[in-house]
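Given below, in the form of structure tokens, are the structures.
One chain, subunit A, links the two complexes that follow: it is found with subunit B in the first and with subunit C in the second.
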Partner chain A sequence: MSTIRIRSPASYWLAVPAAAWMLGVVVVPIVLLVWVSFWGGRAFSTASPLTFDNYARFFANQTYLKLALSTIVHTATLMAVTGVLGYCIAYFLVMKVRSPGWRLALFLAFVVPFWTSTLIRAIAWVPFLGVNGVINQTLMFVGATQSPIEAFLYSRTGITMAQVSLYTMLAAGPVVYMLNAIAPQLREAAMTLKATPFTVFRRIVFPLTLPGVVIGQVLVFLNVMSDFATVATIGGNKHALLSNLVLLFYEGSQIRAASVVAVLLMICMLVGVVIALRVVDIRRLGAER
Partner chain B sequence: MIGWKGRLSLTGWILGAITLVFLAYQWLPIFTLGLLSFSGPTGGTTFPMNGTSLHWYEELWRATVMNDFKPPLVRSSLLALACSATTIVLSVMAAQAMRGQFRGNGWFFYLMLLGIMAPGILVGFGFAIMMRLMGVELSWDTTTFLVQVSWTLPFGFLTMLAVFNRFDKKVEEAALTLGASRLTAFRRITLPLVLPGVIGAGLFGFSLSYDEYARSMFTTGPDATLPLAVMAQLDRQLTPEIYAVGTTTTFFSLIAVLFFTLAFWAMRRSTSLRRSSSA
Partner chain C sequence: MDALAHDPVEGAAAPAHARPQLDLELINIRKRYGDFTAVDGVSLKVSKGQFVCLLGPSGCGKTTTLRCIAGLEEPDGGDVLIGGKEATRDPPWQRDIAMMFQDFALFPHMTVAKQVGFGLEMLKKPRAEIAQRVQHILKSFEIDGLADRKPASLSGGQRQRVALARAMITEPRILLLDEPIGALDYSLRETVMLELKLLQQRTGISFIWVTHDQNEAFSLGDLVVVMNHARIEQQGPPEEILQRPATAFVAGFVQGNNVFRGRVKEVLAGMLRIETPVGMFLVPWVAPPPMLGSEVSFSVRAEQLTDALSERHVNRLSAVCTAVEYFGAVRRHVFERSDGEVLKYDQFGAHAARIVPGQRTVLGWPAEAAVLHAGAGQ
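Showing the complex of A and B:
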């Protein structure tokens, strides 16, 4: 017995507003994008004939294909860096910090930026990366270089550096959650059976946290693939990823081309998520606890 | 060769060093932004600061039409409050509905998850096209509001779901056995007990809406929200004024987090006190 009866009409009606909102604002617009990407002609109307021309035009252009490839390479780099870094931090916070007070303090120091604007945090990297930026000033002060290096602002390196600081939290969060859920007895049992610490990690801890790792990677993947704001802030006009291309076409009123890129972006993401779901079952994750 | 205990503490030190270096890496830009916003009137966008002053904050306060951040700040705050309230109501309803295990609740769960997974650029772009087809004028208080709730709602929903999972159903049962109606039991017993979760959902609603950029960019009309105004200013010119805006909004965000956290603690303490005094 609870305040809501199982399978009652009330439970159904309570879910309707949220479901309608999500359908109307997320699902329908995305389906619409797919439709618009097949529109032929020039007018913005629902009567446009359907064609594959928009896609053909995209795939005929070498520049766009290179852009797509570099988007994937860039995203993979970030997934690798934030994955390793995030796991190290999560492991340290949960397994190595003994005092609860310290753990809370470090954890807060780690998470609090998540509650502030990603855009502002990206902008905060600008004074660091410029030719006269903090990094160059430090390097010259230490004597590592004579003249400033121009490799940071308006470069892929700078974008990567900023995004690592923005998204490592996403990779680490789910791992923290999974590490917390591991019963200490499991590790003790393995230790008693004379497993070395590394074996305990490899055979017990890591497999148990794998779902967390995968979910973290999915979050980083989705965010980096669609993060045009950081790229625009730090890369200036010199660097673009697929998501910037959507914006570029949109601002140029090329709705069809923008939809094509958006749909391709969506397909990349779907493939990524499906691969991840083959490794872990998100539904089961919530149910077990 | 060192023993495994030595190696264990060595890994501890290495991991600790990595964590500390990363924390510095994460916080240094934010602190630098704050520091540079206080640079002198002749200060540039990086060091040296050329003295310290409140010059850029004064500029910010005096600013006129083009780079006036006050109206966008008001808009963003109102929007965030509206999103927060809507998220709270809808996510409590939706999570309560999930407890009722209505037909199709699996699909419903995936639908909400989709709201988190679907990137802002796709949702915003698609929604803008839909509005154009329907002939609806874009505006921060209508279209932007609709889109932002689709982003904040799933987070509130997952929070409430987690809270209800840990919820002790026996207290509800006791109230119902004693003759309370379902509505009364929910209002008097269930809701007060899950209130900390409700506050968490509200924080998600406020903070995610306040900082949202991608979705707003496609769906906001001529009157910009704060992140849009910041980005527009960044496109025009980079001055320490941007740093002053950044510092101010970051400060606002932190205040909001602090406020919600304090409310959360107060609620938890009062519910646990009530529980221990009644036990």
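Showing the complex of A and C:
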């Protein structure tokens, strides 16, 4: 047998392991989470009545709503910064670095940090951002400031700086892929049709890389929304986002409240992905050319 | 001509003496990539509305020459004059040219109408005019039904038309074509070639057509430029290149030539006696005659040979026939010479076959049928 036909018994059997895995570690936990978020009453048991009380409690609290709003603003800021920065890096790597050796070296320099875990990379920022950290010492050494700036560590600025460094490559990677797929002749053809380099970028290169930009934005969006580790390490306990709230409730054994926030977070992410899919049909990528 | 009549100051870049304005002039173009010389001292003049074919094997520098004209490559030395104006350092978007690429380079995200109108959009033409001209050119190329389609859903022939319409719509002075029909089915090529030739004659736009296919070059070109190893070997009308190849390379590259290399043994009045590994031959010379004893090469076209010998056929050669190919118009006999090289003899196809494979035959040709090549017989 050389090929496996669609909808043949063999194709279903081959899908069983992956399907079982997904069911066990994704579908069932999510169903449980949603279920628990509706549990009412005082006892933590499967016999609890189902109510909307947990959600009502969340939406009645101004602090939580502000937290949700600031999570969205923070994520949007990061998407904007990493989007612009990532596109510039990708464009530079693909279009400007001509030597293959240099391209590989730079690419590795960008990618190697990703071999360590997100938590470690987040913690690694602490000695940089602190009052006596590398950044402050450098600034004082060159005379840019007299006293150390305290705004870096345990602040929104510090969190943003660390997360930009963590997630810019997520925004750049898909753009690198899309830029590589653009045949040089397309740009040349546009130039012979009297398009200046900026117009070539605006009318040819950018539209063709748009799917990559959107995928990168989705990756950054999902990662920032769910990143509690960086916020906890760099932000200390002064700053929190929705994901930290889940952890807070969980540590306080408020499982029902934790699952409410988790469900709301998941809904936010789903909405974001759906919007992205409306802009670009990711599943049809590659079939285009 | 009329362009020279007004504004003599503008023409200061070109010599002021009266001559018809050229659409394109290349003066001693040179281009190197590291140690590799891609174009070496190429000079070319294209007068108004000429169809020029750059012909040569792959890697001969014909595409690089075209890219230098387009401004996609900057030559290391030499000048590019477009319409009499110096354009060597101009970027592509400031040159009065359009280009058609080998794989058509259609923009995958634009509809046919959008990309055909792209050039006019860049020229900042009003919307209504763009729409009207796009409509018109799509109609004349018989692709108006495809206006809202994207390139991915078009066939090869349709893409070729879209690419051509996109390049032609701005009515450039020169259209550069890089193997424009190489990507088409073989059956389509002949029709498309004829269409393009008629289009060129109708519009009066100069075409510079790069190809490795000599059928294309000889049937289309007013001027054929044969290139090899980054240099121009010969340029002239098709008849001249076919009948009087200037170098051994051209003779060998153009189908139907028999090339001989040898040494000058004797210089007679108007004739050379040349000694080759397969015998002595008489070849007419054109001034100045080569030195006695120098190495030379010459060629004879396959249809100039005959096996029905008379005293006119002073050059004779005995060879064994290895194959006979019948094309209808001609019957080609392939012989093996005693030095192992191939000798081709074309007989008018309507005549009866006289030679069978395996047969040894004496073939001859009159002295004036041979063409002496310039330069040493490399």
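Following the convention adopted for this analysis, the second predicted complex is superposed on the first by the 278 of 289 C-alpha atoms of A that agree within 3 Å, B and C clash if a C-alpha of one lies under 4 Å from a C-alpha of the other, contacts with A are read in each partner's own complex, and residues count from 1 in each chain.
Note that in this section a contact is a pair of C-beta atoms (placed from the backbone, for glycine too) under 8 Å apart; a residue touches a chain by one contact, two chains touch by 3 or more.
Owing to the predicted nature of the structure, the values given are computational and were not obtained by experimental measurement.
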{"item": "Contacts of A:64 with subunit B and subunit C, given as first, second, both or neither", "value": "neither"}
{"item": "Partner chain in contact with A:38 - subunit B first, subunit C second, else both or neither", "value": "neither"}
{"item": "Subunit B versus subunit C as contact partner of A:14, first or second or both or neither", "value": "first"}
{"item": "First, second, both or neither for A:85, with subunit B first and subunit C second", "value": "first"}
{"item": "Partner chain(s) touched by A:207 [first = subunit B, second = subunit C, both, neither]", "value": "second"}
{"item": "Which superposed partner A:183 touches (first subunit B, second subunit C, both, neither)", "value": "second"}
{"item": "First (subunit B), second (subunit C), both or neither touched by A:262", "value": "first"}
{"item": "Partner chain(s) touched by A:196 [first = subunit B, second = subunit C, both, neither]", "value": "both"}
{"item": "Interface residues of subunit A shared between complexes with subunit B and subunit C", "value": "196, 289"}
{"item": "Subunit A residues touching subunit C - in the complex, by the definition given at the top", "value": "183, 185-186, 188-196, 199, 203-204, 207-208, 288-289"}
{"item": "Of subunit C, residues touching subunit A in the complex", "value": "70-72, 91-93, 95, 97-99, 101, 103, 105-109, 118-119, 122-123, 152, 166-167, 170, 176"}
{"item": "Subunit A - residues contacting subunit B, complex", "value": "1-8, 10-15, 17-19, 21-30, 32-33, 36, 44, 46, 85, 88-89, 91-93, 96, 106, 109-110, 112-113, 115-121, 123-128, 130, 132-134, 137, 162, 164-165, 168, 196-197, 218, 222-223, 225-226, 228-229, 232-233, 243, 246-247, 250, 255, 258-259, 262, 265-266, 269, 273, 282-283, 286, 289"}
{"item": "List of subunit B residues in touch with subunit A within their complex", "value": "4, 7-8, 11-12, 15-16, 18-19, 22-23, 25-30, 32-33, 36, 44-47, 90-91, 93-94, 96-103, 105-106, 108-109, 111-115, 117-123, 125-127, 129-130, 132-133, 146-147, 149-150, 153-154, 157, 161, 165, 169, 172-173, 176-177, 182-183, 185-186, 189-190, 203, 207, 210-211, 213-214, 218, 227, 230-231, 234, 238, 242-243, 246, 249-250, 253-254, 256-257"}
